[in-house]
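Pasting the structures in now, so scroll down.
Heads up, the next two complexes both have subunit A, just with different partners, subunit B and then subunit C.
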Partner chain A sequence: MNERIVPRDAVTEFALRIAPQREIVGPTADRTGIRYDRIEGPFQLCLDAGHGVASPKGVLFPQTEVLFRFPSSEPNETIAEPRERVLFGIRPCDARALALLDRIFQSDGVEDPYFSARYAATTIVSLSCTEPGPACFCTSVGGGPADPAGSDLLLIGIGERLLARPVTQTGRELLESGGDLAQPAASEHVAAAVEAETQATAKIEPVEYPTDLARLAGIFHNTVWDEIAATCIGCGVCTYVCPTCHCFDITDEARRGRGRRVRSWDSCAFPSFTLHGSGRNPRERQAARLRQRILHKFLYGPERYGEALCVGCGRCITGCPTGIDLRSLLEAVTVIMNVEGA
Partner chain B sequence: MREVEEQLRSEVVRLFAEGAIDLFLGYSSSRVPLRSAACVLHDADGVARLVWNRTCTPNLAALLRELLRSPPGATGDAPPRIGLLAKGCVSRSLVTLMKANQISRESLLIIGVDCPGMIDRHKVAARVGGEIAAAIWSGDDLAVRATGSGEHILSAEDVLLDDCRTCAHPSAVLSDRFLGEPRAPRRDALDDPASSLTEAEPEERWSHFQGEVARCIRCYACREACPNCFCTECFADASDPRWIGVTTDETDLALFHLGRAFHQAGRCVSCGACVSACPLGIDLRMLYEKVNGDVKVRFGTDVGTSLDEPEPLCRFALEDDETFMTEPGKGGRGMGVR
Partner chain C sequence: MPRPNPYLPRRATIEKAVIENDERDLKSFTVAFIDPEERAAFTYLPGQFAEVSVYGAGECPLGVASSPTEGDRLLFTVKRTGTVTDALHRLREGDVIGVRGPLGIPFPIERMKGRSVVVVGGGFAFTTLRSLAAYMLSPGNRADFTDLTVIYGARSPGELLYKEDLAAWGRRDDIRVEITVDEGDETWSGHEGFVPTLFERVAPSSANAMIVICGPPLMMKFTLPVAAKLGFAPEDILLSLEMRMKCGIGKCGRCNIGSRYVCVDGPAFTLAELRRLPDEY
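Here is the complex of A and B:
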């Protein structure tokens, strides 16, 4: 399978070598663990402190983005000349999430040119998880600690070495340019990678989530939503740290005919998300908003794209200020669905 | 705390049995290490889930308005009688909310406790340099296993929330039942506004502030976790007029945090719920401690400790010193009548 072996202590050198002309973005040490930032030299990459409070989605789908300025017909700089980038060392769940976003941002025959241009110019080198976090449940939603989906090249940690497994043609070419830093892998390395994946998988607690879509739709009016939302305070942490949440708002900031059109993240957890100009709010209560978030991921997502819009990264769980645990919510909803859903 | 936790469970069972409460608002255990969750009980069945430990950081008073407005499963028109667990800061939030006519005393059955101080999850994360995979308490010591960096032994005192470190009223100041022994207010802490902003030079303060708010993702967890943020429409959300932009540009971020801070002057009970809620670990306390400390010094108020005393910024007295208006720049102080 053209796999290679890269020494763990040479990983930054490897990253810089395979992407000499490109910007490298990867996990760097931060007070809350890691954050995704530009890598320009040694000692910056921080590969063993988890996947971070915030996901790398902001690299390709910035929280605030100026679409264009007016009066002017100049397109946004993203579209004019997308930067060639390597996203290095993100986790398989996040790589999978970016692939999902790519599908969403070009669904119904309408392409989001801003995201698409960035995604097309980005090469993804992901790193497998050997120590899953306390809220990880990727294995329950189709992923895994060494899931190749969405990656061009996958690095699997085996002790002091990394097994580099190309997933796409781009990944193969990237690995070729690693030169002597990427030696051919022996069968024992491949076996060790299988073992590492098995061990990591065993550490992840499975979660039961609703998969019977008709029955899930059937409990839309159930009181279970009120119960699970009782302690939801309506902040946007879960949606903003989520690697697949992608709702946005568009605002014109204008003064005397000059200004800019800005796209910024929005959140279904906020009352203003659905507030009509008339003053009516179809999602008046927090329970309706939380229901929307869960159904978008586990009902509308599967209906439209054939898969859940959740990669099981657990960020909404560890980030929730009042300790709401998506795993527990899904289990509670599943129980009710099995009893009540028609 | 273990004993109080046991007492709490039996007290809640008794309250439900007597029909004294319709709901109980407390803390339950979490599947995430070193965290607790806010929890609402409808009957005594879930009482075993209740916990009282050093990770009970959310300020439960922030959840009351929504519960009183639209109680889950409520059928009648009458608002439910809510029992809740109140540590010192939560009880002071209840007092401020009552004075602001946001909640009524009659709708609550307050179970007061003394609080030894809560741990700051961001401090723990900074100490261990990774995600907390598991944690075990042994008295006040904490063994933490972190992803990527192995095991660490910490003392609760080392990772206490700053607000808990300087807390003057660790015991509930208002309650219907008190579990355990109340502690007298810590008078030494009262005189310590403890703001990291007060002593630094202006440039230094500004750059610290800018560096902190640059981390903000505008999730508004700080606002929603705060009992004081009860405005029907926040200035940050208003679209007509739009006071601040929606972006994460420097100006918008600074305006949001400065606006929120000014609204906390003389009202913040220093519960640390916003600090705990912030996913990015922003030093939000610097601002609130500064504005709140100023009101404390000038008016001699102790936020949330008296139901009778009017709020400092909601009263007017002829004797109030007005030199700050008539002779600006001369350091006019002592606006309060005290």
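Here is the complex of A and C:
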């Protein structure tokens, strides 16, 4: 499999060496926790403090970005090709989430050029989890602590070393350029990686989530949504920290005819999200909005894109100010569905 | 390789701006793309919409009310309801707006060919229905359809859209046009009452026919049982829907009904399709 071994204490050097001409973005720590930021030298990468409150989605899909400015002298303004970039040390759940976002932003025969250009220019080197967080449930939604989906190169922690496993041709080439920092792996290293993955997997508590789509659709009008939404205050934090939530707003910011069109993250938790000009709102109640979020992930996602739009990162669980636990919601919905779903 | 940018509007000039109603909150704009290439590139069919920009105010989705058979000018009829439509209403002839589209999928014209078509509209939602009627009535297309019926209503005579078109269609013998108002006035000698009631009275035949409905939710709700009573099958009943929209290309995630996006899978859906979706419209 062309796996290599990289010493853990040489990981920044390794990152800088494999991507000399490219911008490196990875987890860094500041007083507020993990942030995904540019890595320019040693002591910046922080690989042992989990995946952070905010996901790396903002690196490729910024919370606010300018689509274009007006008045424009160039009527056929196109997207500037972004710099080649390596996203280094993100977790497998987030790599998987970015692949899902790519799928959504490429869907329906129209590409979102802002996201797609950045995604195409980004090489993803992810790092497996050895100490999954208390809210993690990736293994229940098709992922895992060493899931290669969405990564070009996967690093698996084995004690003082990292086993580097190329996933794509780009990852293979990247690893080649690691030179003496990436020595060929021996069979015991590969065995240790398997063991590390098994141990990490065992630490993640499985969650039962609804996979019977017809039955799930059948409980659309069930009162279970009101019950689980009773403590939801509609703050939208779950959608902001979610690595797959991709809903956005488009607004103009201008003064005297000069300005810019901006897109910014939006949230289905807000009543204004679906409010019609007429005053009608198809999702008037918070319960309808929470139901939309859950069904978008677990029913509409599978129906439209063939996959659940949740990677089990647990950020919505740790981030919820009223302690709503998506895992409990899913379990409650599954129970109701099995009893009452058509 | 340059990537096409679906968020970038094409510049278009307002050639004509006409107030449509007594309340003066409905205005029709005839617009032309500035660049002749863009004019030619905007190929559309009835039922589609566009995102119209007032630079500095924002964008709003508007059904295209013109028919491609009428030339390369686009017609939009706008109700003044919010930031963008307010700004749009303030614009004058000669002002420049942005147009992004065509968006959504057209009415299933191929499925309508060789059949009768009934158009039922209410209020200012008559825009894409006007496009459809004008399309079917154009000399090159009329023979493709058998009986044509338009049933349309507004709150009062002064609120009816496209009065000239309605009058012109009314003079033809190859289309039946029935107009109603909720409440008439001294000038009004036509039908009074709601659209579903008139629809039931006109009772167009459902034999080898399709029906297209667009209007306020309540009007659509009460029109459906009549359509069923007249024998229209759920596959032959089309409802053109409105939802709050932003991107228009299935990315921004807000106009969904279940797994379908009104912007890319609609805006028109058959009743059969809608029944398979969650009841959230």
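By definition in this document, the second predicted complex is superposed on the first by the 335 of 342 C-alpha atoms of A that agree within 3 Å, B and C clash if a C-alpha of one lies under 4 Å from a C-alpha of the other, contacts with A are read in each partner's own complex, and residues count from 1 in each chain.
What we mean here is this: a contact is a pair of C-beta atoms (placed from the backbone, for glycine too) under 8 Å apart; a residue touches a chain by one contact, two chains touch by 3 or more.
This one's a predicted model, so the numbers in the text were calculated from it and none came from an experiment.
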Taking subunit A as the common reference for superposition, should the pair subunit B and subunit C be classed as clashing or as fitting? fit
Once the shared chain is lined up, is A:C268 touching subunit B (first), subunit C (second), both, or neither of them? second
Taking the CA centre of subunit A as vertex, the centres of subunit B and subunit C subtend an angle, in steps of 10 degrees, of 90
Looking at the overlay, does A:T223 come into contact with subunit B only (first), subunit C only (second), both, or neither? first
First (subunit B), second (subunit C), both or neither: which does A:A287 touch? first
A:T251 in the overlay: touching subunit B, subunit C, both, or neither? Say first, second, both or neither. both
Does subunit B (first) or subunit C (second) touch A:I233, or do both, or does neither? first
Partner chain in contact with A:T64 - subunit B first, subunit C second, else both or neither: first
Pick out the closest CA atoms of subunit B and subunit C after fitting on chain A and give their distance in Å. 6
Both subunit B and subunit C touch subunit A at residues 249, 251
Subunit B residues touching subunit A - in the complex, by the definition given at the top: 28, 30-33, 35-40, 58, 62-63, 66-67, 70, 72-73, 122, 125-126, 129-134, 147-149, 217-221, 223-225, 237, 239, 245-249, 273, 276-277, 279-281
So, in the complex, the side of subunit A touching subunit C is made of residues 67-68, 70-71, 75-79, 104-105, 107-108, 110-114, 116-117, 217, 220-221, 246-252, 254-255, 257, 259, 261, 263, 266, 268, 273-278, 280, 282-283, 288, 292, 295-296, 299-300, 303-304
Complex contacts: residues of subunit C adjacent to subunit A: 2-8, 10-11, 35, 53, 55-60, 79, 81-82, 85, 216-217, 242-244, 246-247, 249-254, 256-259, 261, 264, 278-281
Seen from subunit A, its contact residues with subunit B in the complex are 29, 31-33, 48-50, 53-54, 63-64, 131, 133-135, 223, 226-227, 229-231, 233-237, 239-241, 249, 251, 253, 262, 264-265, 267, 270, 272, 285-287, 317-325, 327-328
